[in-house]
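Labels run A, B and C following the written order; every chain starts at residue 1.
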Amino acid sequence: MLHEDRLFPSDPTQRAIARRLYAEVRDLPIVSPHGHTDPSWFARNEAFPDPATLFVVPDHYIFRMLYSQGVTLESLGIGRRDGAAVETDPRTIWRRFAAHWPLFRGTPTKMWLEHSLETLFGITDRLSPDTADAIYDRIDASLRTPEFRPRALFERFKIEVIATTESPTDTLEHHRAIRESGWTGRVVTAYRPDPVVDPEFEGFAANVARLGELTGEDTGTWAGYLAAHARRRAFFKDHGATSTDHGHAAATTADLPEAECRRLFDGALKGTLSAAEADQFRGQMLTEMARMSLEDGLVMQIHPGSFRNHNAALFAGFGRDKGADIPMRTDYVRALKPMLDRFGNERDLTIILFTLDETVYSRELAPLAGHYPALRLGPAWWFFDAPEGMRRYRELVTETAGFYNTVGFNDDTRAFCSIPARHDVARRVDCAFLARLVAEHRLDEDEARETAIDLTYRLVKAAYKL
Amino acid sequence: MLHEDRLFPSDPTQRAIARRLYAEVRDLPIVSPHGHTDPSWFARNEAFPDPATLFVVPDHYIFRMLYSQGVTLESLGIGRRDGAAVETDPRTIWRRFAAHWPLFRGTPTKMWLEHSLETLFGITDRLSPDTADAIYDRIDASLRTPEFRPRALFERFKIEVIATTESPTDTLEHHRAIRESGWTGRVVTAYRPDPVVDPEFEGFAANVARLGELTGEDTGTWAGYLAAHARRRAFFKDHGATSTDHGHAAATTADLPEAECRRLFDGALKGTLSAAEADQFRGQMLTEMARMSLEDGLVMQIHPGSFRNHNAALFAGFGRDKGADIPMRTDYVRALKPMLDRFGNERDLTIILFTLDETVYSRELAPLAGHYPALRLGPAWWFFDAPEGMRRYRELVTETAGFYNTVGFNDDTRAFCSIPARHDVARRVDCAFLARLVAEHRLDEDEARETAIDLTYRLVKAAYKL
Amino acid sequence: MLHEDRLFPSDPTQRAIARRLYAEVRDLPIVSPHGHTDPSWFARNEAFPDPATLFVVPDHYIFRMLYSQGVTLESLGIGRRDGAAVETDPRTIWRRFAAHWPLFRGTPTKMWLEHSLETLFGITDRLSPDTADAIYDRIDASLRTPEFRPRALFERFKIEVIATTESPTDTLEHHRAIRESGWTGRVVTAYRPDPVVDPEFEGFAANVARLGELTGEDTGTWAGYLAAHARRRAFFKDHGATSTDHGHAAATTADLPEAECRRLFDGALKGTLSAAEADQFRGQMLTEMARMSLEDGLVMQIHPGSFRNHNAALFAGFGRDKGADIPMRTDYVRALKPMLDRFGNERDLTIILFTLDETVYSRELAPLAGHYPALRLGPAWWFFDAPEGMRRYRELVTETAGFYNTVGFNDDTRAFCSIPARHDVARRVDCAFLARLVAEHRLDEDEARETAIDLTYRLVKAAYKL
């Protein structure tokens, strides 16, 4: 089912070059600097329960598509907040998924799943109502074997290191358990402070109080709050973290006088900030985080531009991360200026920018990253983490920022089995892009070969200090 | 002149696949769910008068290009509002058009016209000052024959059904005449309420009064106005309508308290609304129309983003639709939320979104349509209804929304003879896109074949309930 | 090193067509209607001092990339405003550049430099630490010969005419010296009034006073200020100028009552305008410039959308044009309306629009230029003046505006040796685009051949009246 030339150009000249480039990178280890796998998988190393729970229920790429065509989330086993009954039979869920498989034509989900089915489970039949049960049975049987436990898969996937993402109020107990277990797989955390940085996050004040308890700092004051962050960052660093991650609605940054910071912080705790003030507070915190990064060396990732929980009824019924986050137009040029005025010229700071607004690649992000020493460009992200999106990313970014202001791929996923597929897609698309440059005599093949290895392996290790 | 492989990739692998896919769809009937042909053509079935009146005078794609290069509208026979003299000799108009033919290189107009000339009139010479007269004569002679009457062309084009677009104040007499004539061609109307929904439309209050007369409702009140819409929609539905169409400047929707609706409606009738209030009123009416669509089953089309009549002098001299409508940046994520909060999760409602702002395909529309059950994505529209625009549409939309949240092609034209050409271009471009997916092993050919037929025929029939 | 097929598609069908088209245009003379070469080069005809001063120090494409990766501007010999010491040894600068050469993979800088090295200096080794010295020596030796003096290079490059860009307060002494020297090379100026039109430009009031001195007009009054412009434009026209150039932050235009113009002008001189008022004043001046262009025939170029000097610390240390200008989202549809309402329908006026915001090509600029007689579209500019950017430009613009509302290429450069390379890239990319249209049977080859010559030579001469 998987063709060895998939994602390569069909033009014979380009295809031959792409094959040679890909041969150099296909077997390199996976470095996964940003993602959402669950560290308890690796701490406990328990079997994944069943095919539906592994592939369908946690993957918003899958259930958003099914939902868009009238399939209810309840019928896919997605739990409701009110505890009302939802489908619990994994085979029924799997059959529903299989019945709608043609919806995924042309999407990366199709490639990821087919790659997983074939390479992990040896399945080469196409998913359909006719094959759904046999495929289910085959996966289900495999999952009961030791070879399909999380740690075994981790090793089989040749993951050199993987980063998870945790809130500052997380205890990191699973990371500690992994470390203490003697298992040599490298699973690190990343500091994702949105719940204690975004005044509009559910339970912000309680989260900040909890941060105080965990750090012994008085997070009722601005100074204590900042000190708590510094302390908690050190704790995360001690659990392997090399980076922080910031998922704000906008890329706003601010550099306000301290009195104004105190005022905003007080308002944030009291819940009295206007939307504009909350935006300013988040923006100030990005600048504070940059300052701390310059001190403790954590790499900073900024992921703005998502209108979270756009579907009000769905959010009320099912909560966050249910496929209803929608990208928004995002400005970077004005938004980042306060932070860049403070720290943009720092050569020892790394700030990695992501976007959900492709129009900024060539207009804003490549020009910014192609100038400021502190800035790097993250890969095509989320909805754009797919062959056409990745190709556009290289076409739009490279002429201004080159390859070396980018940082390699990250899979950003909670779908564990899709990790090798996602990295393979990225490697193939990058090789295809480089092959075109070589075929059009814009790059020599030895340059492309070195670049392919850089994009796959060296840049990500260097950028994330992994 | 027309090459059988036109618009297919020149790469032999892709070309061969594209040919095979196209063979499956080239002869499928035309389903034209949205357009601006004149129903009186089919009601009266009179001969088209001459080549210039058929091809040049009504086609703003043509005369806007000529105008941009210094050709006056008067010299092309476009009537002035003040009744001042304009060119009346069709042959002179045709010669002017022919003399500027190289301007259309690289534009869809060139493809559409060449397709019409060859397939309808057997003309394979290139249009030029040297050939203008002979081509004119050949077309002119053909138009005098029965085979070139509107109904004969309709049948020759293999149109299964075509939708026209009418204002609620239209009597639909031509549609009634067609139905009563015994002719079996299916020509349906669509409900386009802009003149009675947009407070900034010329003659809004008079239009609303006329709507009251036609429906017997008191359109001086908000309740009566809504009742008049419901009644008129039923009248349109009785004349074949399966859809409504809304051409607002922005995608704004609103869901206001009834008192505020009444206040805005009163201001709209009095002409006292600010621009922002007019926008709110139009936005409220989109939500009202969605509500009525849920009741009467009419499919809703939203076509926002055009700055109408941008050229003030031209509008004063010649009126609407003279090639001076310019696309604008358009937001959907925030704009649609009020309506989606009410009706976005309705599985029995279909709202088809169009755009003139390509940046929203991947950033906003595909993510929205790939999630909300009520939403579907219309095809590349107007300025983008051309090979490069259509290709970008598939590249930008498919990875997030798939193929099945799109609704097939619509020609949206008043240039009757261009309809087969336009559908042929769409079919070829879709086959070329699918061929690339197959050649790059992202889709199997049997999947592509089924998808090609869906994109050409099945999706449009299902989405528009035709 | 330079392959004869570089930048052509690798598909054999397209490549063969591209070769044939390129053969028609490769040897056409260079018409360079907009750029930033220094007229004193041609007036004095002195040898360029050394390789670093020729290639590295003046080229912000080069040093912005090096700076983004941690190389200081001081170490590249860029002078500081405070006069503090910077690197002065050109060989050391050259070695630094060579050591970072891989950063430029995939960028146009790589193509431009390699083209210059091979065609001018016969160098076919790749730049690297190992080859840096030998390449330096070879260039350095050449620069000492008469064949590498500016006028000799001008002739060798087959430049038919080149435009420089000067402020109204420039004396144009070098242009006068060139004319009086008897040398036949055609070097013309262009009127770039930003320093006396933009109230936020450094030294605005002093610049306006200087304009008064140079023209004998009382530039303390609005009427005198306008008269001074008219007089100075005539002076520039007398020194060969056929165009004006306007580099505003936004595309804002205005058409204000005279009293308001006077009020804004007074505030501009006093430095009391708000940012919004300064924007209005610049916008009014675009309309005034259009009015004057209609009178004196100078072609008007509008280059909006750059956030100048984004990096505050860098600007403080090194001044303007140091690679820290960042593109911004730019609106044209509403912004240009006041000027277009006045002059958009003038057939004797030419306004050439540029952009740094690619999203407007298909959404705004092509529809505007494809309608208004006064408008034409400039080529892909600045960050987009590279193969992928140029290809996107044609793909996004052509279907709506055609080829004949565009104006050919301009190199816009101060890097003299890169001029042939840049024009060659543009010719190759246009031929590649046309070859695809021919290979896909959208254009006949004879049409493409004529179009290629138009895009290379005829359109630029006609549009700029050169």
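Convention: contacts are C-beta pairs under 8 Å (C-beta built on N, C-alpha and C of every residue); 3 or more make two chains touch, one makes a residue touch a chain.
Chain-to-protein mapping (UniProt): A, B, C = Uronate isomerase.
Just so it is clear, the structure is predicted and the values come from calculations on it, not from any experiment.
Seen as a C-alpha superposition, chain A sits on chain B after a turn of 120°, to the nearest 5.
Two copies of one sequence, chain A and chain C, touch each other mainly through non-matching residues, since under half of the numbers at the interface are common to both. Centres computed as Cα averages put chain A at a distance of 40 Å from chain C.
Counting partner chains per residue, chain B shows two or more touched chains at residues 11, 359. Every residue of chain B that touches chain A in the complex is listed here, in rising order: 11, 13-14, 331, 333-334, 337, 340-341, 344-345, 347, 359, 362-364, 366-373, 375, 395-396, 398-405, 436-437, 439-444, 447, 450-451. Chain contact summary for the complex, chain B toward chain C: residues 2-3, 5-11, 64-65, 67-70, 102-108, 110-111, 126, 307, 310-314, 323-329, 356-359, 383-384, 386-389, 392.
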